[in-house]
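Next up, some structures in structure tokens.
Note that subunit A is present in both complexes that follow, paired respectively with subunit B and with subunit C.
Here is the complex of A and B:
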């Protein structure tokens, strides 16, 4: 009976267009949801059936609703996002350090060194003057304190990252566990749920913000997540968690990979975790070494010159600075020699002329322009290492902007494919609404035709 | 390219953020007068800034030490003027009293005057400034001279750093204006000898002293000229310091300070950029299909 068939066809159309409205509504509702890929109801013509030798179509079927996305583009955007997050995290850490040493207005070690050398010039001009001696000790005290501050700040900046590393690692573990859970739920359902797939993609993107990674998608729908450096974080419904272990005052990241413990600290170099590790183990570590080396060389040279002279008590061979024992940071633990006083400050070279001789003070003051620290004047060497640090902070900020821009562009490209456009959805809504109304008309028409036939009987 | 709703808004938000941060940075530069405030903003310029600040500090300490040196030299100069006046008087007395027309009592009173001159010169030779004997050499413990001419000082001189790699002598070598380079009697010993000869009415010895007294006068004058040259050198050092200061300040102005007129123009640009970004964000609302159905 063709008439009933028309009604059936109308019903199919009604259902299909309802699904269209439903899908459109879902898209509109999720316009601001991160990680949501817009959906599209996939229509196809229903299989034809025979009526009196005719092959007539059965209308429309909704095959599925599919997510609209470009997997390769997503992977690429995710990779670039890892890089951008890494650059930003590194730049943020270095910006904190910049506040500690970037002083250009006279509060830094360069200014303290200038003060110290000025006090030595004054001592050389008036070696007999007790206030000149007191002044040398005072400026030397300020110089050591400023250098101690640099050493301490660099150590603390690195140690303070422990908490951030722990937080990021536990977040990676949590996200990994959720991906593993979704993996098992996705393989259980026959028809892949778009929501679960979206959610899993979003979780993987969030892991990627913390560490660079690669995904391997299997035929059964499982996704394996492999972190930078080769550690498999998620395999099937199993997560192999990262572990934070103490390494002296700092922390390292390890993971048990199939029973083999491996250190990932030097492997993770992108994502916010990678950025933090890079800032800690490359930038700040290099600056720390440079500051320590500077202090060691400078204090050793100064001590050698000081030992050659004689104090007001006629004795010589004494140190001016006290360097810590090897292994400790010379910047953080540099002190003035505990025995140092106005009387032991060695301005004289001739032990018989101790009260008026300034020859050794001249040699101490001349250190200002002697190229004794890696072939440079001490002030230039100090400013050089500050500049090296500044270069790192500056380039990390520039990289953060450039990488962020590239990531933004890829995200936009991704959005251009998968993002919801309200205008488009409104147009679709109108289209489905009209088609729905037309489908309803089909049913009414079929009904009227049926009524007409029933009326024949009266 | 297909444009999603999020793209439109995120672009607006990003542009507005970017413009606002430009605006804030420019505002900060104008308000503080500093183009750069930390190493990370411009590492190369920051290093130059610290380098020039170090140069300025060196100029400052050079001014201070050269001031100290100048004080010592000027005091030595005025002491030597007094010494020369006194020795001139001794020389004149010597020539006058060598004439045999003077008898023993007259020569004795001449001897008394020489005695006073000895004491006057002793006090000048032991002059102290800023806790430092001007003519004692490097050692500075006790009066360098005694009335009988005994010299306790040494031959050193105080050398003072005044600018980059430059030092200036702030004193003459210890005892130099009074000691005989040839190893003969020093000024105070010569005066003692003259006094003895006058008191003894020894015409031969009085006559013999004339050349020696002229020699002491010449020694003090030569030392004074040396000091004059050092004071001149200090003036030259002051010029060098002033030039260094000028150059350092000029570099600082270029590297560190905000070019206000350029910054104000930039401020205008950022302002209108921000206005445009805000205006576009407001328009987005009008451009939706929702307004037409």
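Here is the complex of A and C:
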């Protein structure tokens, strides 16, 4: 063995050692880095060489430094994170709506409806009383304004989500572009950098926080990212971006797949984007429809009864409420009929007994207990739809917590495999230190003994 | 751990004249074993075969003990013959029948070669473990005092390496 060989052997060993310690050091340095996977140096025994009839080991070399991770568990954790992020986003939107739309004690639509029917009871007791008539118009006005507020809030809430959808889509596209770039860099290097692989995994996890996805890893290291609904966001080093397009006052999400434009709005159902879309297109849309249906049915029935009566001017056949044109929100645009006044309020059924007739007022007040809205009394129907919305908000919050808990468990399990434990790394270091110190002691003794033998030939 | 019975382990008194050839052969064998154990220790300290380090260190310690007894015996021979270290071969030949001089000379040459080969390995290990210990001391100094983190909690007391020296 010539001097060069000795140096080479020493170089191998030192390099291997430095890599082993550096790997531990790197693990510790990245203990709080999101997405960092614990590293492990993989050693390979170098081929032995001959020297003077002796077989001398060349020590070890670091073959590679690999990431410690469980691909299947990572995919499962990512999927659960998508679900949890979706549930949380949905719950957040519904919580906002609950505040804006909630049937607040004493100030909600149910209270306004009760006040309205009570004013009709008073009118029935004193059909000729101007104060009672003024009171009916006032409570009707408050009821209308409250229902208008609900309709407006629901519309605005849905429209306000446009900005959030745009922001999320923009982020998905940015992350997708970065994954595509990393795909390119990873396949260009002979031995992919663990940092690049970690970074790509982290980016994919961030996309998954916004939309459910699946990944397909190819032998050459490329990862294809397919979003819910089957749109391929990243293929090789190319990203096929999502596009936000206007759909009336709202926005939809589309993407070009092989030159064909596809609407993905209904496909994305998890991740924060999916949660927002679900809240907008399922929860808020259903509530908006329910409120509009209630208003339409109630106002139409009330108008029919009002048309049957006569005002103080002896005329009948007039509406009480003015419903908007078809297509517009009944709740938001419900108004009192422009011609409605104290004199036109139809409390009488007989035009010849206008001052003393309360028959129609009783009919109007009786609507309170008539099952005219989907087989329910108006008050019950209104409370029911408000309750239904409350249930949605509550269940979305519960789902958010349950899904978040499951995601946390999976993340912890994932971290127990891929994460860095300072304690564990420290124990490794101390173990290294002790065995190295013991080796050093032996080396000193052996060194003295061999030096003594070599001196014999002088 | 099995150390084969040989002239080196039997006693530390000067050997009969005819024993010196066997003595050199045995010590040469011990040096080669030391070289191999030193290489294996370095390799094991870098891999996940850390549990092998204890037995390897123990083996090296026993080999050193054996070589130490041999040194005592050499020194006794040199003292008795009134010669210095550089005349060890002369002292051996003076105790060896002429018919075995060629064999004794060859064994001595192999003996010194084995010592030099072992010395090279030891030199590498000296530098290797010196740098490794220094690096570890730095890292441990940096890490100490940091908050524990996530991940499975291993025993707080590290496993002690078992060896006799």
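Just a few scattered comments:
Keep this in mind: the second predicted complex is superposed on the first by the 411 of 458 C-alpha atoms of A that agree within 3 Å, B and C clash if a C-alpha of one lies under 4 Å from a C-alpha of the other, contacts with A are read in each partner's own complex, and residues count from 1 in each chain.
Assume a residue touches a chain if its C-beta (ideal position, glycine included) is under 8 Å from a C-beta of that chain, and two chains touch if they have at least 3 such contacts.
From a predicted model like this one, the values you see are computed outputs, not experimental measurements.
Of the two partner chains placed around the shared chain by superposition, subunit C is the only one that A:436 touches, whereas subunit B remains out of contact.
By the touch criterion defined above, A:380 lies against subunit B but remains apart from subunit C after alignment on the C-alpha atoms of chain A.
When the two structures are aligned on the shared chain, A:445 is found in touch with subunit C, with no touch to subunit B.
By the touch criterion defined above, A:412 lies against subunit B and subunit C together after alignment on the C-alpha atoms of chain A.
With both structures placed on the common chain, the touch criterion links A:455 to subunit C but leaves subunit B unconnected. Once chain A of one complex is fitted onto chain A of the other, the partner contacts of A:427 extend to both subunit B and subunit C. When the two structures are aligned on the shared chain, A:359 is found in touch with subunit B, with no touch to subunit C. Once the two complexes are overlaid on the shared chain, A:399 sits clear of subunit B and of subunit C alike.
Of the two partner chains placed by superposition, only subunit B is touched by A:128; subunit C is not.
Judged by the document's definition of touching, subunit A residues 31-32, 38, 412, 415-416, 419-424, 426-427, 430 lie at the interface with subunit B and also at the interface with subunit C. Here subunit A touches subunit C in the complex through residues 1, 6, 9-10, 13-14, 16-18, 20-21, 24-25, 28, 31-32, 38, 41, 43, 45, 51-52, 54, 56-57, 59-60, 412, 415-416, 419-427, 429-443, 445-447, 449-458, going by the rule given at the top. Interface residues of subunit B, counted against subunit A in their complex, comprise 1-7, 10-11, 14, 34, 36-44, 46-47, 49-51, 53-54, 57-58, 60-62, 64-65, 68-69, 130-133, 136-141, 154, 156, 158-161, 164-165, 167, 170, 256, 288-290, 293. On subunit C, the positions that touch subunit A within their shared complex are 27, 31-32, 34-36, 38-43, 45-48, 50, 53-54, 57, 60-61, 63-64, 67-68, 71, 74, 85-86, 88-89, 108, 111-133, 135-137, 139-140, 142-144, 146-156, 158-161, 163, 165.
The touching residues of subunit A, counted against subunit B in their complex, run 31-32, 38, 94-95, 98-99, 101-104, 106, 108, 110-111, 113-115, 117-118, 121-122, 124-126, 128-129, 348, 350, 352-353, 355-359, 362, 365-366, 368-369, 379-380, 383-384, 386-391, 393-394, 397, 408, 412, 415-424, 426-427, 430.
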